[in-house]
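After this come two complexes, each holding subunit A, first together with subunit B and then together with subunit C.
This part shows the complex of A and B:
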């Protein structure tokens, strides 16, 4: 059993009759790993299994050689920012983070120093003495992150960590993940939006219906995707004209114009060629207000990978 | 960090939440209700005593000098105007041919400490009732009754339900239990820490309630009488009552802590345990020893008063069938508590965070 990996061996978890995850075999190396899947796919269950908040019905989980049934050992090296948007009643951000450190056994002075450092790291120093209940969603997200990193864990598990963060804080948070990964630590996070995590993840695990659909480096998943047509949504002045011009391209599979002729849904087999074609259309005088990927959400990805049977 | 340091850290973090939890604020009401009653009684008694002293007081010798057969005029001539004086006529004939109604008169005198009620029939003193205005002996019995029938059976029972069942169940409802599970401590240690916090809080609240009630009970009495009582056995009694209250928290606390881990609805364990505790008198000896109340009654220093008219069935419910010795009671209760906590430690090890089902 590797002491530097997180290993799931034939793990199944049921909540009564409801499937959580089924027969999961997984090895997660150090670095940034993103678990991507729609709501209810089993991402949180996998995270809860590796942190011991739930226990597997069958199989075993080992986190860097430690069983989650030994919280006294595991939690020294694991920090988990859960999706549960609650803190103990009446607690301030500072108290919340410090309480976690005191439970880790840090002396009071050291706990204070680490608390301020963690709050500083997530940009929450100013709001430290306010009640958590009065925080905005993004602030609660950040204070949970501070709670998870305060003891400097080797394994950082984050459930939907970018939810509710503004762009600047999001960039700082991603920089923190990169810093942790560069130090040879595990950063495991979940998201149901692929484009949110694909830019900085070393590995992506795609989950659906409690099963691992695909895993590996993001480029590998992307290549699998590229075998299938991609969809884009274009907003433009003359959608019908733009559609006609796009149909001159061989890689265009389908183009649908909406009733007001302002929006165009395009399916292409070649993203790069589509991008070049758009440039050409603009140069030929057509105004295109925006181009949005319409299928880079994980639902569409599953449709590609498992034929829509999620 | 040593095991006990971890337990204490958890207890310290939990304490303020236990003391100021809105969910169990009513526990204070239960704990201090008897104290309010006894303090109210103390104030009322003192006012009554002052009133007697102001209205009409005779010397103790005079109070003892009344004899049956004296006429009402003789009594008034000797003792002066009474503090209370009521006259009424009984119209029902006592004997055939006796058509005059019987004149009844009740006069009350006081020497400040005692009051004498003199009952006259047709002007002759027929009955003398002397009793203390404030009766410490009687108040001690009343206190014993309130403590055993209300405090132990209801206040501490439901108070512990409110405090201990919320230690885990309340955090599940608040969706904050996982923070404890993400700490590098064994689940059993977490259980002990939380139990200790509940015990400190409940123990302090109910000890204070007991002490205040006891103070309220002795407060109106003559300071010399109180000194004699405290010097002989009063402090020991207070100690035993506080010990019984704390042991009640120890026993019921462990039971409700375990219930909070095993069951979602606190009403179910409350009813089952209340029935078990109430029916304890009917159970065989061996099963009686699995009741918290059985041991607590044995620790109480003054037997609770039992009216002779109480039906045998109710008597069995109210009185321990075979009281244990004090030492055996304390050890037995600690044994039952250890057993329950052992079962709870198994439950907490298996406990999972699944707020969706709460």
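This part shows the complex of A and C:
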């Protein structure tokens, strides 16, 4: 069993008659992993399974070689933040984070040092001694994050961590995730902000109806989806002429030219043949400024793979 | 990966013990509870009865003050098991009211805020959580039950001499064990009420109503079926019977005895613990 991965082996979880997740086989390497799926798809269940908050009915989960059934060991390396505003309203942000550390067993002086460090890390040092009730939604989100990272975990599990954050803090939070991932740690998060997930995730896990629909790097997942034509956006001098030349190829399904005849959206069934065709067009004297994949993102994957489940 | 691993260093310093970690929750809760006026006022009011009892102990140990009242009066002014049963009975009512005021805020806010996952994603399980919460109430209730009880015993020992304590050691253990059991029952009732009723006032009322209705139901069964045994299902009576046994006072023969009452209270505690653990789950499932 790998000590540097999170491994789900044939894991099923039912809440009575309600399906949580079904027959999940996953190996999650270190880095930023985003879980994407509609509400009730099983994202939080997967997070709860790896955090040991619920246990699988069948199969096994190992988090960096440790079973979630060993909470004393697991919680030393795992930090978890729920999607709920769970911090007690009457307590201060400082007390909230410090209490978490004391529950982890850190001596008081070490807990104090780490509390300030965590609050500093999420930009909450100034507001540390204010009551949670007086925090904005974004501040409460940040103090929850501070609570999760304060003990410096190897595995960070965050449910909807970007909700309610303003753009600046959002960027800082993503930078924090990247820093964690670069140190060889796991950052597992769920998000509905698909564009962002696309930008900062090393891999995505698409879930629907309690089953893993796709997993891996976004480009890799897209390449395996042969039933959906690939889309490319071409910027060129004479889009209409390029479109006409492309239609000579049998793998081209569709080509749309914009009103100014400068941009062309092409759908092809064969990426390699499309690449060769473009080379031929350029050699025939057409100028093409840029070629961008239009559906190698989580949005498109979500639509292709889960859209029908919504 | 080899490069990454060098960038991360685990904390290898000392960690506090499991027991010490469990005290983190009560510490914050005590601060919050003691800042509530109602709790402070109740705790002060609850000290009046022990003060009166102290006066009683003083009088009992200074016979020169009532020498003109005769032998009958001397029997009344005896500090013995009966005296402590009366003391505990009255003081237990204050403890009940205090539990009804302080108890509802213990668990309901965590359930409403979905905060249980935060606790259970620490090295803390449901049992630890329940024990931690129970410690909160035990600490507060102990201040109005065990501490005054032991102080009273100390005062009596101080006045009557160590020989008195030596001859009445049973009273010491009786007060300690009797109040501990009462605190356990009150804590479980208050926590269960807090776990199942999210409105504080209603949950507080639920604690009082529990003792009112179980007592009423037990007496009703006794009256309808013309029996005595149903009294063991009245927690107030059952605990009094246990106290009597512990303090060496004879239990009225027309009422259930010590073993029946102890069994009934054990069942009550087991039932309440089961209800609590059933409710306190880290993840709430909406069906």
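Odds and ends about this structure:
The rule is simple: the second predicted complex is superposed on the first by the 221 of 310 C-alpha atoms of A that agree within 3 Å, B and C clash if a C-alpha of one lies under 4 Å from a C-alpha of the other, contacts with A are read in each partner's own complex, and residues count from 1 in each chain.
Everything that follows uses one rule, which is that contacts are C-beta pairs under 8 Å (C-beta built on N, C-alpha and C of every residue); 3 or more make two chains touch, one makes a residue touch a chain.
All figures in this text were calculated on a predicted structure; none of them were measured in a lab.
Placing subunit B and subunit C on a common subunit A by superposition gives a clash between them. In the superposition on chain A, A:282 makes contact with neither subunit B nor subunit C.
When the two complexes are overlaid on their common chain A, residue A:152 makes contact with subunit C while staying clear of subunit B.
Once the two complexes are laid over each other on the shared chain, residue contacts for A:82 go to subunit B and to subunit C alike.
Between subunit B and subunit C, it is C that contacts the larger number of residues in subunit A. In the overlay built on the shared chain, the residue A:133 is in contact with neither subunit B nor subunit C. In the superposition on chain A, A:55 makes contact with subunit B only, not with subunit C. In the overlay built on the shared chain, the residue A:244 is in contact with neither subunit B nor subunit C.
Looking at the shared chain after the overlay, A:171 reaches neither subunit B nor subunit C. When the shared chain is aligned, no partner comes close enough to touch A:292: not subunit B, not subunit C. By the touch criterion stated above, A:4 is placed in contact with subunit C alone, subunit B being left untouched. Common to the subunit B and subunit C contact sets on subunit A are residues 15, 48, 51-54, 71-72, 75-76, 78-80, 82, 84-90, 99-100, 102-105, 147. Those residues of subunit A that touch subunit C in the shared complex are 4, 15-18, 30, 44, 48, 51-54, 71-72, 75-80, 82, 84-91, 95, 99-100, 102-107, 110, 147, 151-152, 154, 182-185. Subunit A contributes residues 15, 48, 51-55, 71-76, 78-80, 82, 84-90, 99-100, 102-105, 147 to its touches with subunit B in the complex.
Residues of subunit B that touch subunit A in their complex: 1, 5-6, 9-10, 13, 17, 20-22, 171, 174-176, 178-187, 189, 350, 352-357.
Those residues of subunit C lying in contact with subunit A across their complex are 1, 4-5, 7-8, 10-11, 13-17, 20-21, 24-25, 28, 32, 109, 113-115, 117-125, 282-283, 285, 287.
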